[in-house]
Every structure is written in structure tokens, then in C-alpha cells.
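Okay, got some structures for you below.
Each of the next two complexes has subunit A plus one other chain: subunit B in the first, subunit C in the second.
For the complex of A and B:
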């Protein structure tokens, strides 16, 4: 660990560090200013500044040569604040089951967003771990602060303990890497791959210790991605918390986990990564198991949060599948799908947050019956997002799935491995299964009559976020050509930044409108 | 001479189909507000079409007989697929101008008549929207300059016939008749499509415009099969044997619709298509094999037309319903037109072209005169029906000449024209057909014998036509006055809105044949179409005309001799056979409809019991799997931690121990 490099990194990670610092400031000043609206606006300002800085940095020719800022890193550094902006809209309404005064909520959000960015650009196993923990710890807090009932506390403690377990597994794997190579630097591990203790076995043979290290590291990362068999917590945790927090848990940790995965197995610079280009079969198994298990279990869910948890597990499986194809195109597809999934899922949770009325809770799928008659805009947003999650045309979900299928079929022909064709089959098969439960929700929303009294929304802010997510979902499906060319060469940092710009513009516009219309 | 500038034509031509289509859209959208005024937009639009059609006709006429008056107006690209390019292009020549003007003119009076006939019907706006669409589609069909655009109009006509025959869809017979008409003509449409595909595949440069088709040398086999496919399409639309079964049932729709279908818009499409294709193709055929192909196809047309003509005339004899008699007479007359289209020779290129052109001109001339007198007859029948409370059974009505004087006179004019008595128009056009058949029979070549036989068949049919037509006339208007109880006590002549169209149509039905036939005006005009052989003036064939007239007169004489003897109600073998249309419907039912229905039932059973069950089984599997996995998710924290650890162990085992 050399301190000069860390200082360099500090300079390069200015937006993330800024968000972290702002988060700390929020915690401190939260005791003085209790106005929730003030803190929401402050959060928006911080996130907006971070985004502006990112754009400036991505377009700066001086820093664009630095590999830390390349491709996938830039993508995650943008994704964090964008999701944060939508999350702010979800968290902002007061009196909706969250704590009365809550700069803490926003502080947690800022820290988690910073964590996603740091994970995406981590140069070192230690920084990677730090980034992942910066996502995990705020989530503990959000879970704990969010709901004080029994279920909420159960969710918080479950998440805390299992997350700590997964962190321990990750650190155990990291210790193997250090023990065998004498270094924790990700960038160096690939380079010294050949001549260190790492590969003392015969050339071409993969040492068992390396596989062991990777498996332990993956256990830690897989927990964040909710990959099977590390997914068990998700339904219970989602069920126990508010829609806003559930929306954040379903997106931010998943983004961080995938960022870490790319760092470990090679995010567009596989020659520099310690596990570059070999472990596709492991990811293949994880992907198939995750998507199939998630979809099968989702079939029987009545509770909306549980259903969305399983849906999130299954969708994570698709992204793992994209990564497992091992090429640049696969990573581009994963990035597109992650952005699409995050916006769609946040859109659904935004509608649930909008309808979140303590007197008239929306918990079961049947509670959404007849929503189209009572709240058509919310119902349409729900419709767009669910249609996207199914993967029907004209949505970004369709285009993302198409990209993943294309890469897996291309990999099967370029690598001559028919297992990728099987993977494509599994994706299609799972998409078909998933249509069952997604459409089950939509039939209730659009075709049934309302069953009981309808929720009275407190604030239109989450609805505005949902509209923004829906527009982004449709834009990604109707004009993917705007974004897709930039995802193909993920290693080109500037191109990447433009890709994310499009998403940012769409969501930021929706958000600006939302803030203006906020009552209070 | 009358002439229009190209710009004027460019603007005016699309309005001929466009105006009725726009009116149809207007009525379809605002019909509920227009109510009983719904006929006005359609009436005005069709009147506009008729005027523009007439202007276009005068323009073509003004350009002179020997100057090729082909103007093609290309408006925009319709679609492109691969190397096939299809444009919105309209064609103005003698044939298309004549057809457009005739269709619009006759439709105009039918629309006016309908305004009175349909009075008080709850579906009034729906009726006129469909009629507007019908006329627009037919005009598209005749003005199109390529086969796909013709096909668009062709299908539009089919849809409209379905809508209008089944206009009173609550009546089971009407719904059934509409379905039958649609399915049978669809059968022909598929063949037409196949013919287009054949032409497209063989064509080079690729195109389905008439000019590219006519200028291409197809090899003999392709030419034959393409023509056969187009011919089957024409047989279906023009109700020729064996696809004739839909037309008699088509009278389940409102009577003006029958007039529209039988006279102007629907059944003429098949005759038009063959008249459009055959003369230029014959003119372009060079090799003996190509001539043989065309000749073989013409034989097919000849036989189909001849069989239809005779069969329909025989069936008409056995009918007791006035409208059914008229329906079968249409079949029979269309048979004449197809016989004319089949006339030709394979002896030489020039002879073939010349005779095919003359034959097509004769067919189109009969189509033209037939349109007037058949529209007149159907509208008159509609007028009778209006007065008689929807009863047209000749056993129950009779002696109506005093009660319905105008209708009586108009029907008489139509009947004499149909029977083929001079100076009424049907005589001249029918004579023209017999003439080309005689020319074909005497022109030598291998096809003479068949045409000779068909000439005799045509003469016999002429006699039968005189018989059944006069009989229908006499039984309706002469003898003891019989009024069915459905008519009530207020049986009366129809209002002016209905009698005026009758009177207007009666004039051309009576005299247009005389005016255009012996003077060769029509023949010269039509045969000036590009690609046709110019008409040769020859002396009026007195001998043949006399024989034809004799046959018709004999039929009429028999009818007069029979007088007021009504058809008995007792079934008798021969009459029953004729009445049932020689059991052709029953044959179709027994050999096609029933087996297909049983096959459909079998498929339905297999689909429900086997395929559906199988897929339901597949669909259940994910559910079962999900159900069996649910215990994994038991909510216990320590169990979750254990499962994570165990999962990791399994993965480690898989990836390290396995090596």
C-alpha cells in the first residue's frame, strides 16, 4: 500500500469523497435543522454537483488516460448518483412510516451512492472492500431507522448479520489473494499472474487456492447481487421495510456487487484483473441457478415486496449471465441491463411509495386491484415498468434482454461452446416464467375492480420519480440506438460517459419537475 | 375535341375512387349524427365520381381512336420489399375510363334508390358507409395500374360484399350467405395472389405494373399457370362454375345491394381482370408455345363460361323467387361474357391478337349493357318487394301491372333487354358474343371445334333466357292480381326517389346497345386501349343475329304459351333438381364442407385434449418446482446463514475437488 497512490486516488475520487463528506456533515447538522424538505433539497444539490463533476472529469482529456476512470468505473460512478436522485424522491415524503425527522436517511443515501462509485473504481482489494461496506452500513441504518415495528427490526437484524457473514467471507478470500501474491492491488495482480506464488503449478493449470479465493470473494459479492445461494435474506428484508428503502436495497447494493464483480474478473481490462477471463463456468452456474430459483419462487408470492425481491433475484441472474459470456459485449449488455433494471424496479417501488398510506397499506398484490381506475397515471407507470421487467418490446428491459441474448449466442459461436446456447435458452425460459407473475400484477391493476378503500398519497414526489423512470424505460426501448453504441466499447471512458448522460438527463428532468411540484 | 390537361387529370383521377372512400369514412365516423341524412355524402361523392369518370372518358375519347391513350399517373411509393416496388399508380385508358364511368354512374342511381328503399332501417348509416366503400374499392380496382393495387380494390370489394350481404346479420340466412360469399371469393383471391406471385417470380425487370407484365416474354408454362391462377380469381369474383355457388345466396342482403353486386361493382371485376390481361398478352405472344398457353387457358374460360351459362339458365327455370331468377340470370349472362373472353385462335400471332381483342371487347360490351339492364331489373324487383312486404314468391304475387305501373314498364324494358330482343341493348351485346364465337369457330386452328360447340350452347341458352325472363315477367305483372297478406292494405307504387332511378336506368337499358353496338362506337373505343388490336369494321352478321333472335323469340313464345300457369307446390323430380341448383351446393356440402367440418372438429379435439393438456402440464411444472422450493425460505436467520455456507461448500467442492 503506498500512500502516494492513495492520495492520487483521493483526488480522482473527488465526487465520491464529496458525497461521503456531505453525508457526515448531514449526520452532524441533523440535530440542528429538522426540516426534512431542506435536507432533501441539500441531497439533490450534492448529488447534482457530484454528477456535474463526473461529467467534467469524464470529458477531461488529462484524466481520461487513467485506468481507474475507464469504462465500467465511469458507468457505476454515474449510476450511483442517478439512483440517488430517484431515491431522494422516494424518501422525501414525511410521515409515511419513516422517522419524523430524517437527515439520517439522506446521509445514508449519499454514503451508499459514494460507495457504489468507489467500488466501481477501486484500485485495490482494500478499497473494494471499503466501497462495499460503504454501501452495506448505510443500508443497516436505513433498515433500522425506517420502521420500528417487529418486522422492520427483524429485517434489519437479518440483513446486518448475514451481511457481516458475507463480508467475512469476502475478507477471507482477500486474505488468500494477499497470502499468495503478496499484494492487494487489483491492477498488479494480473500482471504478476505468471511469476508469483499465485501460479506455482504447471502452466495452464489453475491452482486450487486461486479458485478457493475467488469462491470466497464471490460469496461476499454474491450476497450484494442476491445471487443464489446467497439470496435468502432478500424477501424477508424487503418485506420488512418501507417501499422507498426496499427500492434502494434492490438497486444500490446490486450495482455495487456487480461493480465489484467486474473489478475482480475484469471490467473491460481483463488482463489487469486477478481472475480475468477464466471463471465463466462458475458464473454460468450462479446465473442459471439465480434466475431460475428467483422466478420459480416468485410464482407463489402474494406479497408485493416479496414478489419484487424474487424478481430482483431473477433479474440479477440475467446480469450474471451477461457477465459470464466473458466478452466486452457481455459487460456492455450487463451495464445496459443494470441501468434498465434499476430504473424499472425503482419505478415500481416509487409507485408503491406513492401509495404508501399507513391507514390503507398496499402490501398484497390484490391491494393493487383496480388501480387503473382510481389512479391511472400511477397504474400506467406500473404498467410500463412491469412490461419492461417482463422484457416486452418498446422498453429498455426488452432491449437489455436482447443484448444479453445476442452476446450469449455470439459467445457460443465465437468460443464454440454450446453451453452459452443453453444459457440463452434458460434466459428465454425464465423470461416466460416471469411473465406469469408480472402479468398477474398487471391484470389486477388494469382489469380488476378496486376491492377496498384506496390509499391517499401524501406527496406526488414518488409519482414524479415513477414517471421519470417510466419515461427512461420507454426511451431505452424505443431509441436504444442513442445509448447502445456507447456501451459496446466499454473500455472507452468518454463514450461511456455520454451513455450515462442520456440517463441522467432523462431522470434529472423528471426530478426537477418533481421538486417544483412538491407541496408542504 | 374534348381534352383535359395532364395536371387536371392528375388531380381528378384519384378523386374517382377517393370521393366515395372519403364519404364512406365521413359516414362511418359521423353516421350516428347524420342518421337518415347519411346517404347525402355518399350520394354527392358518387355523383362526383360519375362526373369525373365521365370527364375522363370524354378525354380518352377525345384523344382519338388510334392514338394510344395510355396515361399512367404515379402518385407515391406504396411499399418496397426486396426488389419488388409497388406504387400508387392509376391508369387512364379506354377500358379503365369506361369501367370507372359506368360503375360510378350506375352506383349513383342505386344509391339514390337505396335512400328510399332503406328508409327507416336502423342500420341506415352503416349501409351507406359500406356502399361508399364498395364503390371506392371498385373504382380503385378498375383504375389501378398494377396488380397489387388492383388486389387492394379486389379485397375491398370482397369485404364490402361481406358487410352488405350480411347487412341484416341478425338473420341467420344473411349471416350464412355473407360468410359463404366471402369464403368462396376468398378461394379465388388466393389463386389471384398465387398468379401475382408467379408473374413476379418470372418477371424481369421486376414489377407488377401492367406495362411491365405486358412487355415481358414469359415462358409458356409460367404464362399458362399464371393465367390459370388469375382466371380462378376471376371465376371466384365473377361467380363462374365451379365457384358460382355464392352469388344466388347473395340476395340475402338488401335488394339495392344485389343490384350493386350483380350490375356494377362486384361480379364485373373478374371479367374486367381477364379483359385487361388477355388482349395485350395475346398481342405479345410470339412463339407457338405461348399461343398454345393462351389458347389452353381460353379453353378453360370457355368451358367454365359455357357451363355456367347453360346451368344457370336451367336453374333459373326452376326458381319461384323473382330475385333468385334474376340472380341466376346474372350467372348465366356472366357465363356469356366468359364465353366471349374464351373466343380466340392459335393459328397466328396477328389473328390471335385481333380475335382476342375483339372477343374481350365483346365481353366488355355485354358487361356494359348488362350492368344497365340488370341494375334496372334488380331495382324493379326491389320496388316490387317494397310494395309486397318483402315477398317475391311468384306463387304468391301476380298481376301487379296496374298496381305498379312505372315498375312494370321498367321491368319490361329490362326483361326484354335480358331476353335479347331488338332494339333493346341486350340483343346487340349478346349478338356480339355469338359473333366472336363464330369467328373463333371458323378461324381455323385447333380450337375451332370447342368454340363451335359453345356457339350452339350459347344459342340454346339464349332460348332459355327468353323463356325464364318472360315467364318471370308474366307471372309477376300479368294474370290474376295476387297480393300477399304481408303487403297489408296499402300496397302502392314506390316513391319518386325509387322510381326516378328506375326511369333513368331504363333509357340506357333500352337504347345504349343500339347506339353503341351496330355503330361500332364501343368496339372501336375499347380496342383503342394500348396493347389491343384495333377493331376491324365488318358487316353486321344478319344470319347469326337472326338465329339468335329466333332462339330468344322461341323462348318467349313458350313463356307466352304457358301463360299464368303457376309453378306447382308439389315437388316433381326435374323441377326440384333445377330449383336446388342441380344439387351443386349439396355436393359441396357433402364433399368439402362436411369433411372439413369434421376435420376441424378433430383438430379442435386434439388441440383441446392433447396439445392444451400437454402445455398445461408444462405450464404447471414451474409452479410445482416453486412450491417444492418454498420450504427453503423458512425465515430462520441461522438457517439462512447455514444455507449460504453450505452453498459455498458445494461450489468449492464442485470447483476444486472435481479437478
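For the complex of A and C:
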């Protein structure tokens, strides 16, 4: 391959490569400079530069300002650095007792953010696999660095072993995809039209190789998204680690997993169903199982981290539901909801990181009792984020759920498949269940009196992150037009789906307009 | 699309790959020793590597083989992290048994009692203490002077 072509492709992934290079430099130079504030500022600069480059890149005429092309690549490349900036604020404060001086966790954060972007833009199975691993490997280190006690180590080994297993499953599926298409390029996925033959001359074929590959790929990606049968590790891992790291684990791998899913099922391109349509039914089942199981199990939780883990599982189910409708509109809804979910969950974990005091730890839901009286700003942020997670109006969570519901109802009428109506019913039913446990936390925060001594925050930085997340949550609900135009379906699909997409956008926009005008 | 070449050995290679993968999966689920569990996961990856190489030959291009190179590199990275992590865990508990790590679980569940624990390694004599690097061992001062 000529060097000019290699340089060209490097330029295309410049922000991601920059973040990776910066991460490596951080690991190297971290042994010399032990000033944590210096490294936090350096991380913010690197992430900021990556974002500026993305903004310049996103305006190029080929994509015409739409972020959904190529499996929402631009969207994921934006999402990585944005989550990284909030994550930096969460990771930056250090307790006096903690032996965290160096920049290792910032380096891990940078590499993981680069991984999300690379997964989103992967043109090839190799890049897709490397992108997923670039998210997983820093997460092992973050888990290990986050908490130096037995619980932290147990969380790290649990996540590590299951993550290695999940990448092995993913790779097995990938090898069969390669065998069937003869290429590791993802465009080649359209070439899986028939089952794999042993050879040209032999008559027999490998039975159901296409479905087998799909099952293994979904299992591997499902671990990252914490979809239902593969969700079991999440509560333990979240429980065992610090709030800052738990916040990152609940967002970055999930974003990478969804990006990989979009790349694999070819959902970004119009009407391409590489696995013969089985993928939509499987995703439908995964979505329903994930959201129902996550919400039901969350009802029994007392531990805040476990509760948020189950909540994250359930929210992942809503995103899978959006993908399973199988159109551009569904991907737009998924992208909006993923951004909204990430900011809301990071906001909640930012408040927990702000209150993270080794002398009086906030572990159980009851430890938050009376927070509104002692720390009103933190309590308000928590309130906004939880209201968003329930999906009440004026928050981005509401608008995101609305988009998903609209999409599934539109698909049921356009495809004549009443299963999507059932899906919409499950989403509403689950939102109702989830309100129970989210409101349980909120009543303690706002209506109860403090039970014991309150935590003394170390640094105001996580609170700033929480305030930023809450403002973003409100902005996404009140003026969704800020981000929504970028996530509009591409006019490349068939005439029928374009009509459906248009109705979805028009109705959603009309609804948003109604909300905007309501206060006046 | 490149037409598949006539490669009668494909089925045998895929079979061996699948057998390696399944053995690794069974071992991963059944083993309690952390190092062996990790090695079983590596075995699964090796089964996949065999699949890739076989398909590469079948399709007559090198993309599968280049995938294997990346795959092995990532596996090596993971092995390095695994060994570091397992070493720390071993120092903490003195055993490689995963089932002793039960602190993270649902509130309502009790810890599982281990009726058949892995045998502990035989106690070794403590290592002889070494002087800290950079400092010589303490010598008795010479009293007589010429």
C-alpha cells in the first residue's frame, strides 16, 4: 500500500489517533510529573482539540451536517470526547488518603474515548474489534486504579474475565462473517446472501452459518451493552468501584457496544439486512428482555450503585428497542436517547462522586436522605437527572423516549407488523415500573431528614460536572432542536420509509414546538 | 466478491477451530483457578484464529491472516494485564481460587460456602531477607586503628 493512502486514512481518524498518542504520552511522562491538576488540564486540552477537529470535520459537504451516515459515525465521534470531558471532572479530585497521583486514569480515559470514536467509524472488522478492545482494556485499568480494596479488585477481575470471554465470542462470529463474505470489510456484509458452502464442488453447506455468526456477534456486543442474558456482571462491578469509574463504565462501553451493533447490522445504510432479517427479531427479544428484567430487578435494590446498574441495563433495553425498528429514524432515536442517557447517568454518578467521602460513604439509598437540606445544589442536580431517567416531560429523557415510541409505532404501521406495537407497550410499561424506584430515591432526597453525619466533599469539580449534565438534560428536553436536526434520517432510504421518517420528524418536532410554546 | 476456491480441508479446520473454542468455553466456565480460566479464554481465541486462517486459505486472500496478527497482539496485551491483576489478587488472598471473591453480591444472598476448596499450595520457607538496593549491609565498625 502506498504511503500517501496510509497518511490519508490517518488524517481521517486524526482526533482518535491524537487521543491515543496523548494517552501513550501520559503513561510515559506520568512517571516524571506527579501533579494531578496538570494532567487533568492536559486531558481537557486534548479532548477539546479533538472536539474542535470533529466540528470542523462534521461540516464537510459529503456528510452535509448529518451525523447518521455510516452507522452514525459522526455522532459517536462526538460522543466520545464529550463523555471524556465530563469523566475528567469526575476523575480529577483525589482524596488525601488515596495513592492516586499520576495521570494513569486520565490516559485510560483518553484511550477509551478514542475507542468509542474508532468503533463508530470502523470500516473494517479489524478496526471494529480493535475499537472495542480500546474501550475494554482501559476500563480494566480504571477499575483496578479506581479503588484499592478487596471490592475494587473483585470488580476488576470479574469485569476482566467476562470481557475476555465476550471478545472471544465476538471474534468467533467475526471469523464466520469473514468466511461468508471473503472480506473483513464491513461493506462486504451485504454479500452474505446465502449460507456458507464447504466448497464450490461439494454440495453440502454449513447449516445456518449466518445465524450462528449473528448469535455470537450479538453475544459479544451484548456484554458491552449489558443486554439481558449478558447483564449479570454489571451490578457487581458497579458496586465494587468508585462512583467516577462506575459512571464511565455505565456509558463508554455501552456507547461502543451500540456503535459496533450499528456497524454490524448495517443499520446505517438503507434497507440492508445482512443477516436475512433474523437480526431484527433477535434485537426485539433482547430489547424487551433487557428492559423488563433490568427494571424488575432494580425494584429490590438498596445499594445505590446496584440500583443504577440495573437502571442502566433497562435504559440499554430502550436503545436496543430503537435499533430493532430497523430504520434511519430508529437510529436517530437511539442516538438521541444514548446521548441523553449518558449525560443523565454521568450526572447522577457525578453527584455521588461529589459526595464520595471515605468517612461517611454514600452507599445505600438511605444515605441520601435529607440531601436537599444539606446540599441543595447537588440534590437538585440529582433530581433533574432522575426525573430525566424516569422520562418526565421537560427533560431529554422524555423527548428521547418519545422519539423511540414514535419510531416503533411508525414501523408497526409501515411494516404492518404489530410486534412493534407490543414493543411500544413494553416501553411505556417499563417506564412506569422504573418511576417507582427512581421516585423512591427522590422522596428520600427531598422529603426526608438527614439520618446521620453528612459527607464533606473534597472538590467542587464533580458538582460542576453534575450541573453541566443537568443543564444538558433540561436543554435536551426543552429545546431538542439543538441536537435533533443533526440526527434526522438520511434521505437515502426507500420512498415508504422516507415518508414514515418524515411523519416521525414532523410529529416529534410539532410536539417539541408545543412544549417550547407551553410556558408562554 | 471473490469466488471461493476449492479447498476440501476447510471443514476439518473449522471443526478443529470449533472444538478448541468449545473446550475453551467449557474450561472457562468450569475452572476455578483464575490463571486457568484466563488461559481457557485464550484457547477460545486460538480456535478463532484457526478459523480465520482456514477461511483465509479458502477465500484466497490475506485479510484473515492479517486479522490473526492483530488478534494475537491484543491477546498478548490482555495476558499482560491478566497476569498483573491476578498477581495482586493472589497477594491479597493467598489463593488463585476465584470462588473466594464473594464480597460483591445481592444483599439478600448469603455467601456460598465452599465445601470443596482448592488445595492450598504447600507453605514455603520464607525468602532470605535482602538488603535494600543501594545500601550495603551493616558492617561492624573496626575499632583498631593503625
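As a working rule, the second predicted complex is superposed on the first by the 439 of 520 C-alpha atoms of A that agree within 3 Å, B and C clash if a C-alpha of one lies under 4 Å from a C-alpha of the other, contacts with A are read in each partner's own complex, and residues count from 1 in each chain.
Here is the rule we use: contacts are C-beta pairs under 8 Å (C-beta built on N, C-alpha and C of every residue); 3 or more make two chains touch, one makes a residue touch a chain.
In this text the structure is predicted, and so the values were computed from the model without any measurement.
Overlay on subunit A: subunit B and subunit C fit together in the combined arrangement. Looking at the shared chain after the overlay, A:137 reaches subunit C, while subunit B stays out of its contact range.
In the superposition on chain A, contact is made by A:172 with subunit C only, not with subunit B. By the document's definition of touching, of the two partners only subunit C reaches A:181; subunit B does not.
In the superposition on chain A, A:282 contacts subunit B only, with no contact to subunit C. In the superposition on chain A, A:303 contacts subunit C only, with no contact to subunit B.
Shared-chain residue A:156: touches subunit C; no touch with subunit B.
Counting the residues of subunit A that each partner touches, subunit B and subunit C differ, and the larger count belongs to C. In the superposed model, A:208 makes contact with subunit B only, not with subunit C.
Using the contact criterion defined above for the overlaid structures, shared-chain residue A:433 touches subunit B, although it does not reach subunit C.
By the document's definition of touching, neither partner reaches A:41: not subunit B, not subunit C. For the pair subunit B and subunit C, the minimum alpha-carbon spacing after aligning on chain A is 5 Å. In the superposition on chain A, the residues of subunit A touched by subunit B in one structure and by subunit C in the other are 157-158, 161, 165, 169, 206, 235-236, 300. The touching residues of subunit B, when paired with subunit A in their complex, are 622-623, 625-627, 629-630, 632-633, 635, 637, 640-641, 643-644, 646-648, 650-652, 654-656, 659.
Subunit A contributes residues 125-126, 129-130, 133, 137, 140-141, 144, 150-151, 153-158, 160-161, 164-165, 167-169, 171-172, 174-176, 178-179, 181-184, 188, 191, 197-202, 206, 235-237, 239-240, 300, 302-303, 306 to its touches with subunit C in the complex. Residue ranges of subunit C in contact with subunit A, taken from their complex: 1-8, 10-11, 14, 17, 21, 24-25, 28, 34, 37-38, 41, 44-45, 47-48, 51-52, 54-56, 58-59, 61, 63-64, 66-67, 70-71, 74, 77-78, 81-82, 85-86, 88-89, 92, 98, 101, 103-108.
Of all residues in subunit A, only 157-158, 161-162, 165-166, 169, 206, 208, 211-212, 215-216, 219, 223, 228-230, 232-233, 235-236, 282, 285, 293, 295-300, 433, 436 touch subunit B in the complex they form.
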